[in-house]
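Following this line, the structures themselves.
Heads up, the next two complexes both have chain A, just with different partners, chain B and then chain C.
Moving on to the complex of A and B:
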C-alpha cells in the first residue's frame, strides 16, 4: 500500500464527524461499547481491556458548524468545549456509552459537569491524575483512582475487567507506542519523506482505530514512506509545541511546512506518546500503569514540574533529540495551560540559544496567510543565522 | 459626617487595622527574622502555616488591593509587555507586574521575597502555573499540595488520604525546614479551635440574608465579612473577636430591621433580592456596588463568599482530627465542587433566601468559575422559575469593565423581575 492510500484512509477517518468507523465497530459484535475521551491523557488500556473502543474527542475542527455550542460559552473561552457540545447535541455522539474528561484545565474539568447534566444516561467521569510524582503518594492515589475507573467501566460494560484483560491491553498499547515512536523517529531521520500533515493524520487515526489496527497502519506507512522518493526541500527543522488540546486546523499544520519548516517533533495528540516507555505486562497492571505515569510520562503544561531546574528541559531535549533549529509555540486562543506555561519555556529556550516564535489559533481558524508569513520569516531567519554561525 | 464620606462600621475598622498590621509584619520580616510564605485563598492552610510561626502573604489579595486602588491596570500591561498572554488570568499578571515595580505593599514598603511558595492547589488550574512562574523569579522552595477535584460531586476516602499524606510527607516537613520550627500538633489544634468559633459566627452572619429586610449584602458587603476568614487571620484570636464584633453589629440591624451598610450609608429600600454567582470586579468595586443599591437591589447570598470555604454547608475545622479536617476543608471549597453540586447550592440559595433570581458576574480571567456558567444559569432558571441575568467583567483588569454595559444589563434585569412579578400577580 502506498503512503497516499494510507494517508487517504486516515484523512477519511479524520473528516468523518459522524464517527462511522466507531459506530460500525460497535455494531459488529454484541456487547461492544465505545468510550469517548478528551485530551490530553487517559489510560486507554483500561477502556480497551473492558472490551470498549477508546474514541478520542478532539473537538469539531474547522468543518463543523457550531450552532448550539456557542450558547454554552462566553467569547473568552476556547473553542474545543463548544464544538464538543455541538457534537453531543447534534447526536453525533449518540452511540458513545461513556465519556472521560481528563485533567487538563478548568474548562475541560467543568465540561465534565456539563456532560453529567446534559447527558445523564452516559457514564461520564472527570478523570483526575496526580500532580505529586512520588510513587508512595501520587502513585498510590493514582492506583486507587484506576480502581475506581475500573469499577465504573465494568458497570458501564456489564462485565468484569480481569488483570489478564488489562495485561493484554497493555501489551497492545505497548506495541502501539513503539510504532508511534518509529514514525516520529523516521520523521526525525527523513522529514521530507514524512510530511507533518501526513504524520498528523496518522496519529489522529489512533484516536478512533483499535490499537492493533492503528499499529499496523503506522508500520505500513513507515515501510511505504522509506521506499518512496520525495524531494528534499530547503526547509529548516522546527518543533511545534502548545497544541496538545484543541487541535489546529489541518491547513495550519500544512501551512507551517509550506512556509519552509519541517516539523520534526510536536505535541499534537500526546495521548499516543504520553508514556515514554513500555508498561510492564507482569505483576499488578494498575500499579504498572501508575508507575509508568509517575516516572515515565512526558512533560506538558498540564503537569506540575516540581523542580525549577527541570522546568522546560523536556522541550530543550526534544529540540536536541530531533535536531531542530527552532520552536514554534502554537497555542489555542484562551488556552490557560499553554499560554501560562509559554513564558517559562521561552526563557529556557533563550538560555539555550534556541530561536522561537509564537502565535495563537482556533480549531476553526480560516486565514492562514499571516501564519504562513510568520513561519516563513522564522524559517528564513533561522537559515540566515545558521549560515552566519 | 459629610454625605460623601464612606460609612464604616467598627468591624470594618478592626479588619482594616488587622490587615495593616499583617502588611507591617510582612514588610518588616527581614528585621524581625520571621519567615514569609506566599499562598492562595481557596484551600489556604493558615492554621498550619501559623503553627510554624510563618507569616502568610496572599498574592490574590495583593492583586485585589491593587485593583481597588486602581493600580492594577499598568501592572497587567507591564506583564503583557514581558510576554504574558492577554488571554490569561489578570491576578497573575497583576502580581508579576507588581513584582517588576518593586513589590510595594499597601503600606508603601517593599515586600520581602517569600521564603516558601505554598502551592495549595485547590479548585483553580492557574494556581499551579502562577507559582511555577513565581518560583522562576524567587528561586525559593515551593511546596505543592495537590487537592483533587470532586468530579463526581463528593469527596472520597482516597482523596482525603492523598491530601493527608501530602500534608504529612511533603508540606509539614517542608515547612519545618523553612521555618526551623518543629511541627506542634497541639498548636495547630489551638488555631483550629479558633477557626471553628469564627466559622460559626460567619455562618450566622451569612444566613441573616434570609431575613426581610436583609441586614447584610452578601456579595459586596460579603467581601468584608469573609476577609479575615479567607486570608491571613483564620485561626487567630483577632479573627474570633472580629466575627464576634460583626455578629453584634448584624444582630443590632436584625433587631431594628435595618438594611446593610453601603459606602453611602444604610440601604433602606430593598426592592430586589438576588443571588450572585462569580467573583466581583475589583477595579470599579464601589461603582459596581452603587449600581445595585441605587436600584434597591440587595444580594442575599453569593457563591464568591464560599470560595475560601463552604462553611454554610456544614464544614467546620475540627481540632480532633486536624489533618483530615484540613484535607476536607480544601476538598470542599466552592470551585473544587463539580457543576451539578454548584448548581444545587445556588438552587437552594434561591429557595431558602427567597431570592428574585440569579445574577452571574462572569469573569474573563477566571475559567474555574466561568466555564459552564451559562448552562448553570439556565438550569437554575428551569429549576426555580426565577429569571437569571448575565454580566461580564474582569477581576483586576480595568479594560474589561464597561460601566454603561453593566448598568444597562442590570436595569433590564430589574425590569424583567418587575414584569415577572406583575405576571405572577395577574395570574393569581
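Moving on to the complex of A and C:
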C-alpha cells in the first residue's frame, strides 16, 4: 500500500464527524461499547480492557458549524468545548456510552459537569490526574483514581475488568506507542519523506482506530515512506509546541511546512506518546500505569513542574533530540495552560540560544496567509542568519 | 562558480532569472517575465524556466539551487523557498547598494521593508487589505480610462491640475474616477490624483518602519510606473522626509534576483557545513 492510500484512509477518518468507523465497530458485535475522551491524556488501556473502543474527541475542526455550542460558553474562551457540545447536541455522539474529561484546564472541567447534566444516561467522568509526581503521594492518589475509573467502566460495560484484561490491553498499547515512536523517529531522520500533515493524520487516526489496527497503519506507512522517493527541500527543522488540546486546522499544519519548515517534533495528540516507555505487563497493572504516568510521562503545560530550573528543559531536549533549529509556539486562542506556560518556555529557549516565534489559532481558523508569512520569514531567518550555521 | 535560479511567482506575473555567483562576484545570465493571464502559474513557471535555461545554454543539471519566492512554495522542482520580504530586500541591495528601505508594490498589495546593508530585513509593514494602493487597482483604472498600462506614468506626469481621489477604499476611489470621467476631468489629472493619493499612503508606510532618510528602492510591478515614483518623491518633499525614492528598469525582477542570490548563499553555506545533500 502506498503512503497516499494510507494517508487517504486516515484523512477519511479525520473528516468524518459522524464517527462512522466507531459506530460500525460498536455494531459489529453485541455488548461492545464506545468511550469518548478529550485531550490531553487518559489511560486508554482501561477503556480497551473493558471491551470498549476509546474514541478521541478533539473538537469539531474547521468543518463543523457551531450553532448551539456558543450558547453554553462565554465568548472569551477557546473553541473546543463549544464544538464538543455541538457534536453532542447534534447527535453525532449519540452512540457513545461514556465520556472522559481529563484534567487540562477549568474549561474542560466545567464541560464534564455540563455533559453530566445534558447527557445523564452517559457515563461521564472528570478524570483528575495528579499534580504531585512522587510515587508515594501523587502515585498513590492516581492508583485510587484508576480504581474509580475501573469501577465506572465496569458498571458501564456490564463486565469485570480483570488484571489480565488490563495486562493484554497494556501490551497492545505498548506496541502502539512503539509504532508511534517509530514514525516520529523516521520523521526526524528523513522529514522530507514524512510531511507534517501526513504524520498528523496518522496520529489522528489513532483517536478512532483500535490500537492493533492503528499500529499496523503506522508501520505500513513507515515501510511505504522509506521506499518512496520524495524531493528534499532546503527547509529548516522546527518543533511545534502548544497544540496539545484544541487542534489546529489541517491547513495550518500544512502551511507551516509549505512555508519552509520541516516539523520534526510536535505535541499534537499527545495521548499517543504520553507515556515515553513501555508499561510493564507483569505485576499490578494499576500501579504500573501509575508509575509510568508519574515517572515516564511527557511534560506539557497542564502538568505541574515543581522546580523552576527544570521547567522547559523537556522542550529543549526535544529540540536537541530532533536536531531542530527553532521552535514555533502555536497555541489555541484563550488556551490558559499553553499561553501561561509560553513565557517560561521562551525564557528557557532564549537561555539555550534556540530561536522561536509564536502565534495563536482556533480550530476553525481559515486565514493562513499571516501564518505562512510568519513561519516563512522565521524559516528564512534561520536559514540565512542562524548562529549555529 | 554556482549557477542559481530565482523564480518569483506573483499574482499577475512570473519572473525568472538565472545567476552565476562566485563569492561576491555575480553575473546575471538571463531573465524573463511572463504574465499569467489565467494560466496555471506553476506550469508557466516550469516552461519559462526551461526556456530560459536553454537561452542561456544551460540544462537543469547545471543549476545548483532553484529558489522560489512569492507564491512559489508549491513549485515541484524548487530547492528552497524564500519569503517575498527576504528576497525583495536582497534584490533591492543588488540594484542599489545604498538602499535602506524597499517599497514593494505588486498587483494586490504593497509593503515597506527596512533592510540593513546585507539586505537583511529588520522590519516591515504592509498596506491594509484594501486594494486601493495596488497594481490591480491601477490596471482597473487604466481600463476605465481606455489607456494602456505603460502609458500611465507618462500621462500622470503631464497633469496640470490633479484631482483628489479617495485613498481609503478602492471601491470609493473607482467611483470617484467614474464621476471624474463624467465631469470631463482629463486622464492625466485623474492619474496624477491617484498617484498622489497612493504616494501619501506609501509615505506613511515608510514612516511607520522608521525609514526617514536615505534611498528607497521600489520593486514589484509598480516600480515601472514613473508617475508613481515622481509622486512619491513629491510626497517626500511635502512630508519633509529626507528620502529619495528610486526605481530601476529591472526592478520587477528584484524578488527573483533576491531568491537566486540567497539560493547561492544557502548553497555555499550548506557546502561549508557538508549538508549539500539536504538541498539537492
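Heads up, the rule we're going with is that the second predicted complex is superposed on the first by the 385 of 389 C-alpha atoms of A that agree within 3 Å, B and C clash if a C-alpha of one lies under 4 Å from a C-alpha of the other, contacts with A are read in each partner's own complex, and residues count from 1 in each chain.
Quick note on the criterion: a residue touches a chain if its C-beta (ideal position, glycine included) is under 8 Å from a C-beta of that chain, and two chains touch if they have at least 3 such contacts.
For clarity, every value in this text was computed on a predicted model and none was experimentally measured.
Annotation: superposed three-chain arrangement on chain A; chain B versus chain C shows no clash, the two fitting side by side.
Vectors from the Cα centre of chain A to those of chain B and chain C enclose 100° in the overlay, to the nearest 10. Applying the stated contact rule after C-alpha superposition, one finds that A:74 touches chain B and leaves chain C untouched.
By the touch criterion defined above, A:223 lies against neither chain B nor chain C after alignment on the C-alpha atoms of chain A. More chain A residues lie in contact with B than with the other chain of the pair chain B and chain C.
Legend: residue contacts after superposition of the two complexes on their common chain; A:380 is shown touching chain C, with no touch to chain B. Of the two partner chains placed by the overlay, only chain B lies in contact with A:145; chain C stays clear of it.
When the two structures are aligned on the shared chain, A:233 is found in touch with chain C, with no touch to chain B.
When the two structures are aligned on their common chain, the gap between the nearest CA atoms of chain B and chain C comes to 18 Å.
When the two complexes are superposed on chain A, none of the residues of chain A touches both chain B and chain C.
Taken in their complex, chain A has these residues touching chain B: 71-74, 76-77, 81, 101, 103, 105-107, 109-114, 116-118, 125-128, 130-132, 134, 136-138, 140-141, 144-145, 148, 301, 304-306, 308, 311, 333-337, 339-344, 346-347, 360. For chain B in complex with chain A, the residues that touch the partner chain are 82-85, 87-89, 92, 119, 121, 124-126, 128-130, 132-133, 135-136, 139, 142, 144, 146, 148-149, 151-152, 156, 158-159, 161-162, 165-166, 169-170, 338-340, 342-343, 362, 364, 367-368, 370-375, 379, 392.
Interface of chain A with chain C (complex): residues 231-235, 258-260, 372-373, 376-377, 379-380, 383-385, 389. Against chain A, the residues of chain C that register as touching in their complex are 65, 73-74, 76-83, 85-86, 120-121, 262, 265-266, 269-270, 273, 277-280.
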